[in-house]
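Note that chain A is present in both complexes that follow, paired respectively with chain B and with chain C.
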Partner chain A sequence: MRALEQAMRDKARELLASGQVRLVLGYEAGSVPFRTAPAFIEAPADAERLVWNPFCTNNLAVYLPAAVGAGRVAVMAKGCDARSIVTLIQEHQVPRERVVILGVPCTGMAETARLAGADGSLHGIAVTWDGDGTLGLRDADGERSVAVRDVLQERCRLCEHNTPALTDEMLGEAAPPMPGAAEPFAAVKALASRPVEERRAYWRAQVERCIRCYACRAACPACYCRTCFMDKAAPRWASKANTADESWMFHAGRAFHLAGRCVECGECERVCPMGIPISALNRMLDREVRERFGYTAGLDPDGVAPLGTFRPEDPDPAGSEER
Partner chain B sequence: MADIRTAAQQTAKERATVQTAWEPLIVAFLCNWCSYAGADLAGSSRLAYPPNVRVVRVPCSGRVNPLFIMSCFKKGFDGVLVAGCHPGDCHYVKGNYYARRRMPLAQELLEYMGVEPGRVRFDWVSAAESGRFAQVVQSLTEQVRALGPFAVNKSHI
Partner chain C sequence: MSDQYPQLVLPEAALREWLGRLLASYRLVGPVADTEAVTSYRPIGPESMLRLDGPRPTVSPKPHLLPQTETLFAFQGSGPALALAPATPDATPTVVFGVRPCDARALRRLDDVFLGRNELDIHYEGRRRATVVVGVACAMPSWGCFCTSVGGSPTGTEGLDLLLTDLGDRYHVAVLTPAGRELAATAGMVEATVDDAEAVRVRHAEAAARMPALFDLEAAVRNVRWEAPLWAQVAKRCLACGACSYLCPTCHCFDIQDETTFEGGVRFRCWDTCQFSEFTRMGAGHNPRPTQTERARQRVSHKFRYLVDEFGRAGCTGCGRCVERCPVNVDIRAILQAFAEEGR
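So, the complex of A and B:
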């Protein structure tokens, strides 16, 4: 992994110095431990700022549509990020020739909440990474090690595409599969099997907590509409009132707008300040799309999302055979 | 849509002040060329069907945005019908093919979020199928009646 970090810096420096790109998107040290920040590297000398560790969680594809306007952009792409980039290419938001995809094989990002001390806080904890699979934590109570594999973000644990699909260049060897990749929809199936009244109460309780900060929308590379349906006044799909009704419209509507397009990067859920399980909603539709149309988002830049096409042999709605 | 909202609010007031039995309120998005014409034929043939349906005429079932269906439930309706031309008969050639992918996905999402199966129906009704229209509305009304008023979002009541 240290080699990967060095490869990132070397590649960034080379691409910028040669003028092949005008910007490199990557990760740099955050303002606190346990965090990195998205890095916007324009000068070859700044390539030293790039880092790679189990806290490089942001989906950098979200910055691409704006960034490619001024020239070619190179981006450090984990598996999920690369799939987002493919979706953006499919939807003509990013021209293929304007982006240099530097594939980063990923063994998963750490769930920072699970690294907290006995008091539930991350405050005062120093963290080191051995460049492989172990984090060292040191606080007032002493030192402890934690295997990254034991504190994975759920969306990483379930990831089926942790080695990027489409790249211009891979910066490392293919990564081993993630532990939960064989059962990516276990939680969705469990919730779907609950009685409908229970699901109604569950989602009502979840959307009630929404403060409509739209952090989920801002973090999502697939949400690039200039005017979101929630901000339209005519037709007015939902008011600005922060009631459960209006928030329900937001979550139901956004989930549907992502059907067949979401790559399950999990950033929406991670950035939600209220802990709403947004990816439980997105994943449900991803499963439907996969089962009905055999389609997974972000794998084929020449593909068409399933709702943008049809087949004459698509199944008719249930019950419509009655005459 | 303003008319429909007023009707729903009036019905809510009636429920609150006058002890009227609850009647399902269902919105039907009917495509102009097939299902709306079928409904019209049912009417001019004096075929009896439940009065619980409020019709919204759209050019094509492919025009129906899933947000319409979500809006109906947010506003307090109890059921939604979307009816279009049979596959192959779409006036705009392929609008109903898109609807055939879009509508079942919308139904699945709503069901996952707690809208009981049976409240949203997507079906084909041709311009000649007046009897079928009446039968579809009859069976949907009975299903929704059995399910009761749609109860998810009552923060305004």
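So, the complex of A and C:
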């Protein structure tokens, strides 16, 4: 995996030096050892800043629609990032020729909260990575090592496409499948099987916590509307007053807008400061779309999105034909 | 902590009984677990499990003093028949329990704005004057914490009426104000012994030792400036969400909106943030802060320049929530450090 980091730097340097791209999106060291930050590399010499480790958690596709306006952009794309890029190409937000997809085989990102010691704090923790599957931790509890696969983020554990589906070039060998990939819907199936009143109460309690910071929307590559329905002043679809009803409207509205488009990168849930299980809504609708239309989002840039398409022979349960 | 305040001791086992007694006369708000990972200040009852130890809660007590949404007045009819009904300020006697020193200081920063020399906000004032703040010393910093870098302390007393320090089987209680004394009197606390005072001194010294200052605040404040290239660098990465502002215990900007029906409606205010593009967008479409660069500059400059100019104190108490919850690792500590080290 150290080789992968080197390959990222070499490729970025080459693409920038030859003028093939004006920008390379990747990851650089964060302000603490268990975070990275999105990196915007514009000069060949800055390619040295690029890093790869189990904390490269952001979906970089979110920056693409704005970034490609000024020229060609290369992206370090994990499986989820690549699926988001496919969706953006499909939906005409990113011209295919404006993006160079550098495929990164991904073995999953670590859930940082699970690295904390007995005191529950990550304050002062030192983290090293062996370049493979093990993290070394040192804090008040002393030294210990943790296998990345034991502290995976749930979205990564369930990931079905950790090797990118669409690339211009792969930077490394395909990654082995993730441990939960065979059953990505187990948790939402269990949730869906609960009585409707119970589910209503569950979701009510979840969205009641929402503070409407819109971090979920901001981190989502598929939430690229210039003006979100929640922010529209005329007509006003939703109030700025923070009530559970309005928050439910937001989360349900966003989930519907993402049906058949969400690639389950899980960024919405990761960035939610209030711990709202947003991904469960998206996953629920993804399951519907897969079952009813046999369609999985983010795999084929020429694919026809079922909810973005009209065909005269579509079933019309609302009966408008007879009006 | 100064020795000039009366020092008492409350056995750990007597805490619940005291809270029960407070519940008879006050609305009680304290830190409780919303989920495994999220802790907020919520109204509590006799059975609530308080989370007083560990790193500071996910959300500060700010929403109890400055609610996210608050009705200012209702209106009915129109023209000469227009009738206005101002909302009555909520002055329910309230105890906010288990407040961390950073968040208590933050209430003082809100006081600067809402009870300040410029304007008196009657809604904020109603709640604030009816609120007693019981603090708990921070033993364990969270990873984004930097209170000591902005003039605070994990065991600071600013903005508190009482400060509790966990001594294992008992709490040491520093009585800081007359309101605090009144509250403590309901608990049957005993005078702290010399040993208790020494134990507290040790705990506080340990807490301080875990939190070395990261930068020179005065130098940072001096160097924060309009034309800094840093703003554009931050903006590049920033996703323009409101997580930093909405979790910030001192961010206080709001929007005012009307919600109407055919017959009337209400005018309310609600949190807003300089990080949203709509925040400064005018009716006709012009936006004086057209890009995230100006918005990045605004949040930091407001805290470390404008509020300093206005009130002599920075609008940040180093709680570190913005640091930890930023989706893209914009770390205000690194920004301040960069300014502090400029020109050295």
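Definition applied: the second predicted complex is superposed on the first by the 309 of 323 C-alpha atoms of A that agree within 3 Å, B and C clash if a C-alpha of one lies under 4 Å from a C-alpha of the other, contacts with A are read in each partner's own complex, and residues count from 1 in each chain.
Heads up, the rule we're going with is that a contact is a pair of C-beta atoms (placed from the backbone, for glycine too) under 8 Å apart; a residue touches a chain by one contact, two chains touch by 3 or more.
Keep in mind that what you see is a predicted model, and the values were worked out from it rather than measured.
Engineer: Which partner chains sit in contact with A:A110 here, chain B, chain C, both or neither? Use first/second/both/neither.
Structural biologist: So A:A110 meets neither chain B nor chain C here.
Engineer: Could you tell me if A:V21 is touching chain B, chain C, both of them or neither one (first, second, both, neither)?
Structural biologist: Once the two structures are laid over each other on A, A:V21 reaches no partner at all.
Engineer: First (chain B), second (chain C), both or neither: which does A:E267 touch?
Structural biologist: Touch partner of A:E267: chain C, not chain B.
Engineer: State whether A:P317 touches chain B only (first), chain C only (second), both chains, or neither.
Structural biologist: In the superposition, A:P317 touches chain B alone.
Engineer: Tell me which partner A:T243 touches in the superposition: chain B (first), chain C (second), both or neither.
Structural biologist: both
Engineer: One more residue to check, A:L137. First (chain B), second (chain C), both or neither?
Structural biologist: In the superposition, A:L137 contacts neither chain B nor chain C.
Engineer: In the superposed arrangement, does A:H123 touch chain B (first), chain C (second), both or neither?
Structural biologist: A:H123 contacts chain C only, not chain B.
Engineer: Under the contact rule defined above, give the chain A residues that sit at the interface with chain B and also at the interface with chain C.
Structural biologist: In chain A, residues 243 are touched by chain B and also by chain C.
Engineer: If we count contacts the way the header does, which residues on chain A are in touch with chain B in the complex?
Structural biologist: Going through chain A, the ones touching chain B are 191-192, 196-197, 199-204, 229, 235, 237-238, 243-246, 248-249, 252-253, 255-256, 259, 281, 284-285, 288-289, 292-293, 306-307, 310, 312, 314-317, 319-320, 323.
Engineer: Over in the complex, which chain B residues touch chain A? Could you list them?
Structural biologist: Residue list for chain B touching chain A: 1, 66-67, 70-71, 74, 87, 94, 97-98, 100-106, 108-117, 121-124, 132, 151-153, 155-156.
Engineer: So in the complex, which bits of chain C are touching chain A?
Structural biologist: 34-38, 40, 54-55, 58-59, 68-69, 140-143, 145, 210, 236-237, 239-243, 245-247, 255, 257, 259, 268, 270-273, 276, 278, 321, 323, 325, 327-331, 333-334
Engineer: Hey, which residues of chain A end up touching chain C in the complex?
Structural biologist: 30-32, 35-38, 40, 58, 62, 113, 119-125, 209, 211-215, 217-219, 231, 239-243, 267, 270-271, 273-275
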